[in-house]
Amino acid sequence: MKPQQKKSQYTLAELTNGLDEVTILGDPQCVISGVGTLKQAAPNQIAFLMNPLYKKYLANTQAAAVIVSQSDAPECPVNAVISRDPYYTYAKIAAYFADKPIFNAGIHPTVVVGANCEIDATVCIGPYCVIGDNVKLARNVILGPGTIIGERVTIDEDTSIDAKVIIYYDVKIGKRVQIFSGTVIGSDGFGLAKHKGQWQKVPQLGSVIIEDDVEIGANCAIDRGAIEDTVLERCVKLDNLVQIGHNVRIGENTAIAGCVGIAGSATIGKNCLIGGAAGLNGHISITDNVMITGMTAVTKTIKEAGVYSSGVGGLVTNLEWRKSSARLHRLEQLNQRVKVLESLLEELIERKDS
Amino acid sequence: MKPQQKKSQYTLAELTNGLDEVTILGDPQCVISGVGTLKQAAPNQIAFLMNPLYKKYLANTQAAAVIVSQSDAPECPVNAVISRDPYYTYAKIAAYFADKPIFNAGIHPTVVVGANCEIDATVCIGPYCVIGDNVKLARNVILGPGTIIGERVTIDEDTSIDAKVIIYYDVKIGKRVQIFSGTVIGSDGFGLAKHKGQWQKVPQLGSVIIEDDVEIGANCAIDRGAIEDTVLERCVKLDNLVQIGHNVRIGENTAIAGCVGIAGSATIGKNCLIGGAAGLNGHISITDNVMITGMTAVTKTIKEAGVYSSGVGGLVTNLEWRKSSARLHRLEQLNQRVKVLESLLEELIERKDS
Amino acid sequence: MKPQQKKSQYTLAELTNGLDEVTILGDPQCVISGVGTLKQAAPNQIAFLMNPLYKKYLANTQAAAVIVSQSDAPECPVNAVISRDPYYTYAKIAAYFADKPIFNAGIHPTVVVGANCEIDATVCIGPYCVIGDNVKLARNVILGPGTIIGERVTIDEDTSIDAKVIIYYDVKIGKRVQIFSGTVIGSDGFGLAKHKGQWQKVPQLGSVIIEDDVEIGANCAIDRGAIEDTVLERCVKLDNLVQIGHNVRIGENTAIAGCVGIAGSATIGKNCLIGGAAGLNGHISITDNVMITGMTAVTKTIKEAGVYSSGVGGLVTNLEWRKSSARLHRLEQLNQRVKVLESLLEELIERKDS
């Protein structure tokens, strides 16, 4: 393992070279040696502005340059990189300064490899990995230390799996997938049949398919299917500690924040956004382009694109919360009182009119 | 490690042999080579119907046979296996087609074993496991690669623990227990005493007892007790990413879905069902036969069997959710308006009557 | 690895020696050989009483001695250790009976150590750990089996990291930190920029700083910063399965219960308490001395100390819950009915008065 070979500094012109829809306002030869936040950047760093929350730091930024939208550019006190999409432009520029160490040492001698494996000569595998029988690892696959790959797993090219990931048997993983440490893929779904008062285990005979360009965070759990496979379509992005039940299918480009739990046999469309710690019932389906806000309980199928939430929200003091809760549970009484008023009033009016 | 020796196909008669309360309507000699869903089954597969959601697929199923209830049997277009409990019957039949690879290679030479261990000759231990001192592993115990077993742990016969499980010292595990990868059992409970403004760690002197036939999913965390032990009674079933605090006791046959968190010293009865991502306060108790719906906050002791939920539910658009939240917090005003109406009306009526 | 050398029993006088604000009522030479709960303690054990829930067990306790407050002392039927803070006193006394096995065997021969590491001679590292290049491990650091330490990580003295922890590159860990198994520190934050309908990964260039005396539970995930570092200040305490997003800063002495998720760029003050399974939005800040109750959605910045909750609570039967939910969504109708009543009544009164 050694750090990627990179230059330690670049001119603005170099950093923006090849980027569409980007113009430099100021000195293209300005030298940048890293990234910083608007508020904290050092004078040799580049920052960006996208979230309006942070605009207050623009006027006094010490950054050498700031990536901004056209509309924020006039207020930028330093070199400006004007972009239609400052966060995207930042992502491309920041990549020049990434210093994630990479393995490039081949297969460590401690790796235990099963029978009949096909492992490309370019594959790197860290110490103490265990590879089951009949595994296929394609070009440029990287496995961090202590990762376990089950029997008959296939991993396609340019996929990177960090330390201590567990991939159970028969799982199929696509190209350019990235999986962070501690994640478990392909453990049994939670299939139980109650018979005469006792739980009987239901065999989980499906597997998991992870398509190209998927990213999966740390310490997630993705169960294998009961009959068919659990599927994460291309470009699905999962944050940390996400639970995916058996038979779930997640449509392409859908992003799921941390601590979300998705129960078995749910189907999620394309381009959805699921907020942190939301929970989805089993056997429901969600159409494309749905956004679920954080901590929402998705209890039923969603057929129209849009933004959805559950229950009532609003952060309040605990005292107000207790009152609201009590009022809610007294709502029926209030309803009865209004009914009484209505009939009394009707009677009065009738008497009056008669 | 090698796949279990199984036949690749069976007749319906073979598959149902020995099953109670099951009858075949059609050809008992029909050959089955796997399982499928009603919707997707190939012509050599067997499917089942239990959830009414999927009944719409029965008429056009391509399956060779379907496991159905008596009432659905007349509509089954192919061979029917009629059962009083189709899901249970499916579980028994599907077991013929399970192909989870099993270890049967003894103790891998890389395993580090502590002093004074008693390890039965039939035990299989994968590469890079570490076994502490004074550990007892009974007949047919299987430990997946990279699993860590702490000092003085005992694991009873036919228990299977997958890769990368961590069992801390002194934990006791029963017979036929199944634990999936990444789970941690016996880490310290969250015991802190605040003294003069600083947290003081409270030693966690209890352990964890996992009784027979318990199943524990992937990446769970089960804390050791503070004084007495944390206990999962026989046949408790946990899904993935479940958190069990110190001193918790879970009664037999209780099943807990993914992402549930149970705070310290809670006691849960027998035959309970806890829905996904529910949370239980510490120091409360729940009687037998309680069902908690998903994402419920269980804030107090439950003394009567039944189904419980918290707050208000209902998935709505985010716009409606904002309105409901606002209305709820204006409820006190509405209440005041009704009070005014009541007194005005009372006055009017008195005037009228006088 | 071998158990700590401890005596197996102590007199009350020994156990309370050096403790402030503690007095013995009874026999200081009473011999204690362990701890127990008030309800279950054996006659040679010491118990404590703090939570009033358990006071009912005081009268009949079999314990040799009980640690109690001044006010509970008169009702203590056995030797009493009177303390202004019984739980803290218990914590100090219980430490005499802790029997967590400790490593003291140096660096196991299977450990893979990178280039240019500085590892103090007192460091203990369990089997199958992997240490990256340029790592610094200070005096008395302990690493459990199978732990992975990334490149350029520094770990300060007396820090103890249990089995199967993953520390990514560049993370800095202070003194006396304790990290339980399965936790992942320094994986990439969930940084994604959508560009022309596709997710583009945003490089995560910050790291994680864990200050002195922090405790982190099992299977947590703590992301590295996007630009600046994610920071856990001194004495922060995390329970299990906690998710900390990128750029989060948690103030000193703040304690966070299990299953909490904190989204990126949130800032939490000092001395806060975050209840189990609460969720915090990104980019918000919480001032010092805030308590968040369990399962609360913290959707906005909190500027005043106090206790906060969200939505409405109250555990009810599922039937009542369905009714409340329906009533809430009919609240607008109720509001309209009250409006009608108000105008009718106004009209009536006008007519009357005219």
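Going in written order, the chains are labelled A, B and C, and every chain counts its residues from 1.
Please note the rule applied: a residue touches a chain if its C-beta (ideal position, glycine included) is under 8 Å from a C-beta of that chain, and two chains touch if they have at least 3 such contacts.
All values derive from a computational prediction rather than experimental measurement.
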| item | value |
| --- | --- |
| Turn needed to bring subunit A onto subunit C - CA fit, degrees, nearest 5 | 120 |
| Copies subunit B and subunit C touch via same or different residues, half shared test | different |
| Whole-Å gap between the CA centroids of subunit B and subunit C | 24 |
| Multi-partner residues of subunit C (at least 2 other chains) | 110, 128, 146, 164, 182, 219, 241, 259, 277, 311-314, 316, 324-325, 328, 331, 334, 338, 341, 345, 348 |
| Residues of subunit C defined as touching subunit B within the complex | 1-3, 34-37, 40, 51, 53, 85, 87-88, 90-92, 94-95, 97-101, 108, 110, 126-128, 144-146, 162-164, 178, 180-182, 215, 217-219, 235, 237, 239-241, 253, 255, 257-259, 271, 276-277, 294-295, 311-319, 321-322, 324-326, 328-329, 331-332, 334-335, 338, 341-342, 345, 348-349, 352 |
| Complex interface listing, subunit A residues touching subunit B | 110, 112, 114, 128, 130, 132-133, 146, 148, 150-151, 164, 166, 168-170, 182-184, 187-188, 190-195, 197-203, 205, 219-221, 223, 227-228, 241, 243, 245, 259, 261, 263, 277, 279, 281, 283, 291, 293, 296-300, 302, 306-314, 316, 320, 323-325, 327-328, 331, 334, 337-338, 341, 344-345, 348, 351 |
